[in-house]
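Two complexes are shown next, each including subunit A; its partner changes from subunit B in the first to subunit C in the second.
So, the complex of A and B:
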């Protein structure tokens, strides 16, 4: 009795302890790390002669930042508004010999009124002055153009403390307005310059000159000169590429790698040919540096601008790793104090793989991987086993294998066992005398699976076509790959990253595949690689001779455990890759969805007589009468998800069975509406039978929308913004009813036609960018929903709170297990922000993956920044606390055992004595 | 004044009708059914006509001729080969607009169900058809048909039920209801009307159990002492 009482007390105490859910202070950055990015380089200024050497950059992601010269780390970063408002049009740094006008010649701290100035957006255009030491915003003014649509093409340039706004009216004229840069006061009226020769594709602004190509000549106009005279410069041949302005030289343009000046005051050195140029100063003289990539070697050369003599001190060449792609020299600077030698120059390159590379003294000083600002797909890949464990594993596999030939199996298993142990003894012996095999590269890098499966390789695919292999615990980049000329698919679909073989099949290596579209001819491209080493595998890059319309993953083949990829091409033919997996495609279903017309089509794949064929079996039209509805979101279930419980116990102890349809896909369409402003429809479609299982419509609601669906067809939280600034989360659960039609196998062709639908809406006091549910190995752990908010925090919300069956009326008896009474607004407690103060700028997506532990789910959040962590929705019930006191428990154990032994001995002695009495 | 109101009413009605297509003033549609009795071919032959005079009430008139013997043989062949029975439905709206849908099910199941099938017509919120699905009752059936199963077919005419799935309106957060509930509870508390009519033990068990336990424990220890 006493023990029972104690036990109850103990369990109550444990329960109370367990309610604390947030991180402890000393756990910060223990399970998580954040990568901070700025995006692909747009403009940069290297400044080594400032009292605090720095690199100022503006990027295509709408970020201005200052980088440390020595390491490339961020000194400060300012993330501007989303595009188009945050699109940076101009970055002007004071104190730089930027163009031939004298802006630059002005000394530091002069009356220019700014350190650094940016122009962003077009309607309104915002002009901001920044403090470059701290990155603080000092002042700003805005300008709203008359014609907001045309203003998208507006250009800005800066000359002598005046900022000019150039608005082209194609084939007609240019409107030029001048503003005082730091105040925003207009200096006069807008001047209209007649220019019927301007067209969108062929023009560029170089300093104060507006230059256009017209056949074999350049037509240009100085926008600040009073005369307004049109200058014509003839070319040797019609240019093949487009015109590029040469930053830093007024009126100089780059045509097919050659420099051509349209400004008679600015001469250029003849006969130069390079892929990129930039202007800077060396030994107090202006020089023109240029670079070229040939056979993997980057050459940097320079000439003095005044006499065109080469600057031999600066010339250097260095090998350039292929994963950076082709470099473009962005800016450079040299330290002025150390005269005469070119060693103190730092060259900054932007590359086609969106990296920023700094070169100094003929080697790469540092590089930043800015492709990570646009991650489009991610996978957690298991690490390979250590060799000894691997052989053990293969032995177990042999044992589990086939039971028909039982006799032979015992013999072979015994033999294998003996040989394995012999090999183990040999390797141990060799290891002891120091003759063992050297550890493999991956082992040396510490890439060996841990006992809990928490250590994985995070493979990230980026929009630029660069692929990264990153350690999910340390954040180290183990390898990079770059696929030039591969882009996303039509129909707004991104490239895909697919795991074809996991690391479970030792000694076979894991295999990943990238699927994309050839940027040139639009045909499909496959790239197969080993996700642990980043090396191409099984043929590497494969060009297909058809366009990919849809893809699906098949089951594992028995031969090499590769999951085949089923591809549907644009003429509705089906293909399987690799080809020996073709028989597995028999009986598969595929569906396609056209985003613009909102039409769905379903296909059945049949394999007969060595040939694959597809039959069009269903279609659905979600587009409304005139196809005014467009698909804005599609979400299918996660194929690796397990459904732990098939039903739900109601208050009256009966069971409500879940509608467990693995083929359910949610589609969301949106269209403008006359009475309700905007209408959003959600369709749940069974993509095997083509049946539209459920349709629900939201009035007065518009995107942004985040959609997430779970395998049960169960929780479908969708989140959207209502017109009246209210943010909604709607959850839908589908139930089959109190009986189950077929509890062993699901068949969509014999599905129960009308599931019961539970639904509820909640108000969320934040803007949701993305939703993702946690996933664990076996699906026993509670489900939580990870909510990525616009402010960059990730909130872990228990599914109980989003449950559509939360009762509104509180009944005293018969309440369902775990049902919380309905409250319209969902709480967002600060403890549930899993990234505490590590905000993820421009959070776009959250990916989850199970770890080896049932309690733990691995999470990666992508956006401009990258945040990797793990969450334990039901706490780490299968793991001892890390501050668990092993010493205390051992002491207690030893003391108790020895105590009991001693007492036993004493007791027997006492008994003996008593017997003698 | 009156005239003004009338004009306004007309305008409102017009706007509603303009945006809410067919469901607002209950419309009719006809569906022409064609089926393909040869595997993987695009030749469809006429099966029947369905008229839905009222989308809101969902009643339908189905008119399907008897299948010819040659058609029945083709259907049996499809079933034996475990092929799809494909149905093409052409929906004609009251304004003359047409749209075409394809749906399929296993021919074998159709035979096992004695040519009884259900035609599900899904509508979007404005009453346009989003999908048509042909299905059979969810009785567990053999996955593949044998000659024996096929020979059990006695019917030679389709008997079709037409069911309509309407779009539903999404829930909105029930703020008003929640506030009312809170108000009611507050008022009840102020009036002290929360009468607890549970029994004595049901109310105070949490105080009684520890006392009883303590008594037991002390009793047990006393017994030890007495020994």
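So, the complex of A and C:
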């Protein structure tokens, strides 16, 4: 049995060797680039006085890293576990004199010492000590709380080489346990501190003090002191905002921008008011730095902590670009060698748009765009044509469709052609003598369409509401936009990025739209912008007065080539944006799916008498008999995909027609099950008629699940994990049969025949995070499936390996069809890893887009990192090879031509001589 | 909750690894749900893992490690075995605590075919064509040489012979 598998495996391996499209050594970073991110800043430590100046950071994405002070590049990075296990609760760096609680850290190098420690997760809580120079782990211990549910709210603090675990029991007491930081040994029993005044929304931990707001006063408790005395501090007014702890000052809290100390040993300077504070040292004295943003200008000020005098050397103000959002001073440090100068101080800001900004000497030294760690949508947008090509293009388009007036227009068309060419010649001449018009901004930035359409603008929408325009070849950020107060929709739906008009309609500019929800009132928000320049266009930000429930794209209007957006609001009314596209919505179907209840609903949109109306036409409940099932995945077909072949030729030369239903959507539901651990259902639903075309059930399976659906015959690879050990990929292909019911138009309403279903499951030796099929301009190129694995690799898998028609027994029919015999395990050869060793940490999604070349497909993979490349599933058949030897070919050509000329000459001379004889 | 422990064995000199290679290894179970980082003494541990069967994989962008299936029983006994997806019943025990060996460098890239004279000459097609040609030439020359010598000899012989008196 095993030999047989070995044999078939070998044959497949041989086959793969033939089709593998590995990169050549010299192609590294030629077509691809990777952006490495850490995520939004949580805690940071700037350290300029270390022998190796660095910035240590912990982030909301569960990453600890060290950044280079000069450039902001990563020195090292460690990506911790996924949340909730990887949620960083505390970052403690030893050897910081400004930290009053840190004086007793054990010396470096000893077993008890540590460079940096992190506390993460709650059940279990993991405490790790790191070597900050190398980024290597030094020690690790874990703690499992008795009550895992309550442990979510646990807090940690560090004081004198002891780590304290604080577990609040709301309105009752606090449980404090102390551990030796680097060994994890408990120093004694857990102490219970009675505190009936604690509540989840009003408390904070500042150093060793647990502080709560109670009306017009602060109630606090020193968790380290033995007396356990409750301290009450009265406030001038009842605080409006929540309490924030002031890092670095024991027992100091920030209430509405003011500093208030509850610790009698720690005095604060009165009368300060700022949005963010941080403590550091300057000229060997402790100072308090604070910053504020007003009218686009950030002001940084500081006072000495001991006498509250302002530190004039540090004061600075600088303009702050709007796309960063509002800044928060995270940490700073000054070089201590240069006495009396504030120039050597580096201030680190985290901003509301999830950027990390470093400020030095009144200007921005560098910034990191960490919003890119959470990309939620992406589009490749064609670049605009160069002006001269544009006029040619518009002429070619002319009125080509208008055949009746074509004859009449022939003279004017000829004239127009002549004039455009004259203009071209003139502009060429002017360009040569250097008198041409100055290039536009986009041209100067190199943003002009190339002849193969490989150079595009990559527009990325991030969860923080920041939008980026990135060059897909160089990786340069051309523009950034920040939409504050816009968030994702209800029902776990993210914001959407839609291309309303592509760059094909010269001289009209391309148009993109972002759809989201207003974070304040929950109504829909539209933001329309030009994806090439990043500037607001056609109205910019539009606040809608209804909530968006579903959206769909309409066809192009004839007037301005804008694709309208059809919106369904929460009261099931339909709207179209822009309004002049409204007639196109007539006869549209919409569906909605509620993730939690697994209920689907279908709507029909009618346009009559200048009014749009929607009718509820069908309903489907996928929740199961006890409504436990929840939707965990929805996937529809890609609207830009072309169906290249309608059927598949079988061994006996008959054609098996594909089931080409454009309205098919796959829904996957999951529910826990008593006997099978977990049950997963896949439904293929025709969303026009609401009929369930096919269902499949997998038992003992659980997420992560990746789903990809294709229009061509609808093969659906799904990947999931069975039990604990096996990882499955299931493919389903639907066929109509040997005849086609209607080969010109598909109608879901005329009761189409139920499809024949081919399915097959394969084992993959890795966990699949995401699946995406390649897509090309015309759909002629072979289909490959891009598999994003949990370890961050992207593997290109030919479709014929996932083919559900791979025969189990080697039959002649299968061989005639060109199907490879079935083997259960799919190989993942390293040659087909398209991102070679540039792994994408926490890979979440892969997006593909066609390029101007039929052979090539553009790919962007997003996760914590960003990876952009291109793939050629059938190799670059329409492109000359890269190592094509132009010189050799031209030498050979020249030699042949000149040779033939010389020989001709010689031959004629010889003939002449012979004639004379 | 249990702790999986193990060691990364020292790499072969041939792998030619940079100093920081240990830092870049993450040992992960179930899609990074549980992770272990390798300490400077090459040990790793992964705490808070529930009982059950887990596939543990040491991941490094450039080096391949074989995955190991670790089974933790309800009583806290550990067993390690080779991963076999096709026949999970086939048990191939491995020692616990885990010892993971860096096997080889992952080969992601093809090397470009270069035009080399030696390779061209050693190409069998070229050999088949060129060797007989050369042989023919050489043989011809030898034959010619011998013939011309003979001719010379036959010419010289009468000259060299002293005239008998």
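Here, the second predicted complex is superposed on the first by the 844 of 917 C-alpha atoms of A that agree within 3 Å, B and C clash if a C-alpha of one lies under 4 Å from a C-alpha of the other, contacts with A are read in each partner's own complex, and residues count from 1 in each chain.
Criterion: contacts are C-beta pairs under 8 Å (C-beta built on N, C-alpha and C of every residue); 3 or more make two chains touch, one makes a residue touch a chain.
A quick note: this is a predicted structure, and the numbers were derived from the prediction, not measured.
Once the two complexes are overlaid on the shared chain, A:839 sits against subunit C while remaining clear of subunit B. Residue contacts after overlaying the shared chain place A:730 against subunit B, while subunit C stays out of touching range.
Shared-chain residue A:767: touches subunit C; no touch with subunit B.
Once chain A of one complex is fitted onto chain A of the other, the partner contacts of A:504 are absent, as it touches neither subunit B nor subunit C. Using the contact criterion defined above for the overlaid structures, shared-chain residue A:752 touches subunit B, although it does not reach subunit C.
Of the two partner chains placed around the shared chain by superposition, subunit B is the only one that A:808 touches, whereas subunit C remains out of contact. Legend: residue contacts after superposition of the two complexes on their common chain; A:416 is shown touching neither subunit B nor subunit C.
When the shared chain is aligned, no partner comes close enough to touch A:299: not subunit B, not subunit C.
Of the two partner chains placed by the overlay, neither subunit B nor subunit C lies in contact with A:875.
In the superposition on chain A, the residues of subunit A contacted by subunit B and by subunit C overlap at 5, 726, 763, 824-825. Within the complex, the subunit A residues that touch subunit B are 1-2, 5, 604, 613, 615-622, 624-625, 629, 673-676, 679, 681-683, 685, 689-692, 694-699, 701, 726, 728, 730, 741-742, 749-754, 757, 759-763, 808-810, 822-825. Note for the complex: subunit C touches subunit A at residues 1, 3, 20, 22-23, 26, 28, 30-35, 37-40, 44-45, 47-48, 52-55, 57, 59, 61-62, 64, 67, 69, 83, 85-86, 88, 106-112. On subunit A, the positions that touch subunit C within their shared complex are 5, 22-28, 76, 78-82, 85-86, 121, 123-124, 126, 128, 131, 134-142, 144, 704, 723-727, 763, 765, 767, 769, 790-791, 824-825, 830-831, 833, 836-839, 842, 883.
Those residues of subunit B whose C-beta lies close enough to touch subunit A in the complex are 15-16, 18-21, 40, 84, 86, 97, 99-106, 109, 118, 120, 122-126, 128-131, 133, 135-136, 138, 140-141, 163, 165-175, 177-178, 181, 213, 216-217, 220.
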